[in-house]
Amino acid sequence: MDNIFGFKLSPSSTIDMDKVDFTLFDKLHELEPDAWKCMACGSCSATCPAGTFSGMSLRKVLHCLQRGKQKEAVNMLRCCMLCGKCSIVCPRGINTRHLILSICKLYKED
Amino acid sequence: MKQNIVIVGGGIAGLEAAKRLLRLGYRPIIVEKQDRLGGHVAQWHCLFPDMTPAGEVVSGLIRDTAEANIFLETEISFMNRLRDGYNIMLSNGISVIARAVLFTTGFSLFDAAKKEEYGYGVYDRVITNGDLEHWFNTGSDKRVDGGEIRAMGFVHCVGSRDEKARNSQCSKVCCITAVKQAIEMKKKFPDAAVYCFYMDLRMFGKKFEDFYISAQRDYGIRFIRGRVSEVSEDIDGRVVVKAEDTLAGKPVKVKLDLLVLMSGMVCGRDTESLASMLRLPVDTDGFFKSRNNVSAVVQSPLEGIFYAGACTGPKTIPETLAEADTAALEIVSFLYRS
Amino acid sequence: MIYQGKQKIWADYQKEIPDDHWFYVRSCIRQNFFPGAERMFLEICRGVLGRDFYETPSHTTCGGIAYHCDTIPQETVMTIVARQFSLMTEAGYENYVASCITSFGNYIEILETWNEFPELETRIRELLWKACRREFKKPKYVAHASDLIYKYRNLIAEKARYRLVNARTGEPLKVVEHIGCHYSKMFPSKGVGGAEYPYVLCGMVEAWGGSVVDYPERRHCCGYGFRQYHVKANRGYSLSNTYKNFESMEPYHPDMIITNCPGCPYFLDRWQYVIAETEGKTYGDNGYGIPVFTYEEVAGLVLGYDPWDLGLQLHQVAVEPLLDKIGIPYRPEDKYKGVDRKELMKPELPGVLRCC
Amino acid sequence: MIGMAFVLTYCVFALGRIFFQLPGADRKRFLVSLVTPKTMLKNVRDIFCDCLLHVKIWKRNKLLGYMHSSIAFGWFMLIVVGHIEVLLYTPHRVKLFYYPIFFRYFVAEDEHTMKGEVLFFLMDFFLLVVLSGIALAMIKRLRSRLFGMRRTTRPSLLDMVGLYSLWAIFPLRLLAESFTANISGGSFLTRSINHLLTPLLGDQASVLPWWWAYSCALGIFFVVLPFTRYMHIPSEILLIPLRNAGIKIRNARKGLAKTQVYSCPGCGLCIDACPMSVQKANTRDTTVYLNRQIRRGNEKRIEEISDKCLLCGKCTAVCPVGVEGDRLRIAQRSVRRYGINPDYTSIDTSPLTVDSRGKVLYYAGCMTALTPSIKKAMESLLRKAGIDYELMDKDGGICCGRPMWMAGRIDQARQMMKKNTEIILSSGADTLLLTCPICYRIFKEKYRLDGIRIVHHTEFIEGLVSSGRLALGAEDRTFVYHDPCELGRGCGIYEQPRNVLRKVGSLVEAEKNRRESICCGGSVGSLTLGFDKRRVITQNALDNLTVASPDVIVTACPLCLDTFRRYADRKVEDIAETVDRNTRTQTRTS
């Protein structure tokens, strides 16, 4: 600890929706209108083969993007194999592969 | 035909039953405590799932029941059971002997002020679903008109599924109402961010799910799974809403220009006093207890006393109307039998 | 904010507070941090208002801190409380007033538990008897000391020499009232005004001329959180919660904070120093902090007691800017003098937070 | 003359560019192939058959074939015979390339003086042939259905100019030659028209304008040629040797891709072939339009068209010039830049490796995980045949990489392939069995698993049946077999499943089958087609399959199965299920 007290402010875990920048997500919504359609059933995550090797979950990726947690989303997507199982199991018929590719196109790793 | 039928409550259930009875050749007496007919529905704006104007439904029913005996601003003062009927004393001094009585006393909207943490009646920009319907109808409410609306939210399950609020039942229609109102608001304020804070979304009815999908896909309504835990007001008078985003497992907060509380359906205020006049049983949720919750919903345990609509629990409008029709037929067959 | 709405809620949460004859129990920690507070309470109740407040040196901790730190089981804390009640019974009192919020919450929780589970009460009576051959009657009324000052607020206002008003502008001071968590969050009906908008301190502030600031995080814990502070590894979390409070109240520029709990004034006061040193941020004007008071200290100030007699020199955040605002005279050179003008020695001044 | 000069320099220049755009290895390969006698022969034969005679179109549609070959071959012969004439009569002029074209104008001799009745006859004959082709082309433009085409390409403005000038060339030549027939000779056609016209229009005065008109039409045609679909005429001549050299598309816009794009004659055969065309809105996303947009450089449309495609490969199968619509699109997708680039290097393959020495390693694949009936039936068959096998992806494995490849993310696909290769090679298996054609195709085409037999279950089952390891019973049902795109057009497996099904029941065929099979609509090839937009495609494919009223639709792809099952009005199953149901458990004698 770099101060005389031996402790300091801990970061807040609260998601502050007012600070979430939706510019990119709005663009994503233009590219793939299904971006807002997820009802968080988790089918995609349950069937995801990449999920076995990593924390990949499309449900969480979408959720993170909607909450401004791009870094987490990007890290998860780095494991996606684009196999398309999620698009088969999605009860809402979301075009998941296009959604994923569109995210990969719009968002950046860093 | 000297067989009087008294309908207690002139909301849509009472009117629908009266309409059916009139068509079957009876002339029922409608007792309504307010100075107008139509109950709650008369104050709503549009009805899901097809955005039917509520006024049309009510005025149609009023037109169809013009032949009935209607007492407005009248309450039941006293009621007792006779050998083959009921003696009813009305607050206007008239006394009626009825062979059959139909309770269509409906529900009350939960008093949102009871959920103190949401600040209804305390914060300038917190309203209820009822207030919003009123605003849709009249266009005037200073809490809504007070300023630019950049972000707004809906809190589902206010006073419903809430043992602390003494209502453990699901009020059934609020989910779809919130989605409906969210879409209407998004249409009025296309640039506003609209949030729905929900615990579960219970889209059980015809086309309800389509509504929900459309709200997400076409209107970009932001659904956050988590019950709002507290609401405060910031220095600009905007409301600060805190909830847990249970899908993220993290607290979430957002500042809103308008917060709509989805007050649930709770038992009518008069249920207990009416029930006590005839020692009718009241269910654990405070609504009238039907003879059987599956096969005899419109019957009470007492011969000649019938129920229809939301007096036995939260109902949608089509369910209420269907029950009213059933009750009318049950009454007629009861009169034939005896 | 619709004031009438709040009044409606306050009206729903009024509790009966007997006017006189109280058995008084102290807080474990307050005398160390704010030594003038409890003395002032007895001074006002007994000396100024002539009420009967009894206190016995045999009373102990209520066990609340240990209980909330998960270091003793419920039976133990209940037996300790039973012994306290037996002291009250022996002294012939029925009204029990606690100086500490956690104690107050503890007593209420235990009495409510006994109501729900009478067999537990029987067992505790047995345990108490086995341990020290004592018996007790449950108090008729349990109050927190701030309930009594709230009850006497108008009497105090009548005798007040100063009001919570900016002497220069005539504007009421902007006061943040911070209620201890254990006051009414567990049992809203046991606190004046309930849990959402407790009225106990609001009532005092209003009666003494100030105006209350309703900032968004007003319900938030001061940051003490028992284990959060006591375990050093968690201390950053304790600090973060205090920080959250200050960040939320900052836009309102409050003149002072009034509290009714032993922990709150301590943490709201001392953590301002830590925040200033670690984050470089201060919340008052010109590098000062926002002065934090106990309600007894505020009562003492408006009644015209000398600030240094109230022990205000032991506050980390300097109180002088507030004294100047109200127009209370004080001798700067006497700040660090104790009873009988005994020199207390001047503390080292912090680097960021301005203290004099 | 100007036109011809322009076109020739343009072609030489373009040829050079394309040639130098090829990667070094490919360039070498191309040159070697040009001088290899075998490919040289093949090149000449292909150019003659495809460019002049249009054999492929003949096979599809006789009328269309005649139309194309009459124009192309007829014109070619006009040029050849014209040159012979020049060689015979004015050999000193042979170096002037325009001389033969306007031979009749320059040389004022007739058939008698030149004793070349035969040649004159040939010239008139081929002109007639060309004219008949042109007439058919005109009819086709008006009523394409007569030629078996439901839809035809909508031409661009320059295409129209090219088209009309091409149409004009030959009637004008006819007229021009007719006018001079009495001077410079002619045969049955030109002479008789000359007799007809002379009384009407006088003589010498009107000769020159017609020759001018003819030469103008010719000039215009050649000048606009590089900018119209007629560029396919010279391009195809280049495309054929390139293809025969075995060169593949390596760059989205250069080299082979460019040659293919320019070789597209815009005939529109791919429009009717495309499964997406059941929806009118999609017809403009077919390969012919992709080629046009690539030529125009319209990036937005290129992306849209490339991403929408199901990659079923049918346009490639029907294309008369050999444009590979599917590969061309993958190439377009591959140039896309992404902000997020998946990386699988951290996946540890050792827990996924099963010791399968001497056994069959069965890789069910991602899709089969969602159609457990296939996996169950296949395992049952393996047990019944007494084959030792191991499951490679029992608890989920690494994707084969084909879906990623189809999305154009080649590097990512290669990473997955590397991981799977590690797993397979270190398992020690001698056979890799696949029940998914998507996996099968990439394993077959791109993986390097030397010494391991890669086999799709249709082939494998056929092998088991013909070797007697599986004893089949039969049932009283009619089957129709759906050729999955990746298995049929992708890997050329058509007959193996049919051979097996014939043993199990009676087999009927879909209206369009084998190479012409229609995609089920579920393909992972399309990136942008949403779930709701695919339904009509599936329905259309089902309609095609059920023309002969089969009881059961049999397929050999988990994705086709899943897609068809959703909307089919009858039983849909995988061939493994069909066979398993009709296979007796073999009691093994030890």
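Order as written gives the chain letters A, B, C and D; numbering starts at 1 within each chain.
Criterion: a residue touches a chain if its C-beta (ideal position, glycine included) is under 8 Å from a C-beta of that chain, and two chains touch if they have at least 3 such contacts.
None of the values given here were measured: they were computed from a predicted structure.
Among the pairs A-D and A-B, the greater number of C-beta contacts is found at A-D. With centres defined by CA atoms alone, the chain at the far end from chain B is D.
Centrality annotation: A (chain centre taken as mean Cα position, compared with the mean over all protein Cα atoms). Once the centre of each chain is set as its mean CA position, chain B and chain D turn out to be 65 Å apart. Computed centre separation for the pair chain C/chain D is 85 angstrom, with centres defined by C-alpha atoms. The mean-CA centres of chain A and chain B are about 39 angstrom from one another, to the nearest whole unit. Among all residues of chain A, those that touch two or more other chains are 34.
Interchain contacts (touch definition given at top) occur between A-B, A-C, A-D, B-C. Within the complex formed with chain C, the chain A residues making contact are 3-10, 12. On chain A, the positions that touch chain D within their shared complex are 34, 47, 49-50, 52-53, 74, 77-85, 87-90, 93-95, 97-98, 101, 103-109. Against chain A, in their complex, chain D makes its touches with residues 307, 336-344, 346-347, 366-367, 369-370, 393, 395-399, 401, 403-404, 407, 409, 412, 416, 524, 527-532, 559, 562.
Every residue of chain B that touches chain C in the complex is listed here, in rising order: 113, 116-117, 119, 121-124, 230, 232-235, 237, 240. In the complex of the two chains, the chain C residues touching chain B come out as 1-2, 5-6, 8-9, 194-197, 214-219, 251-252.
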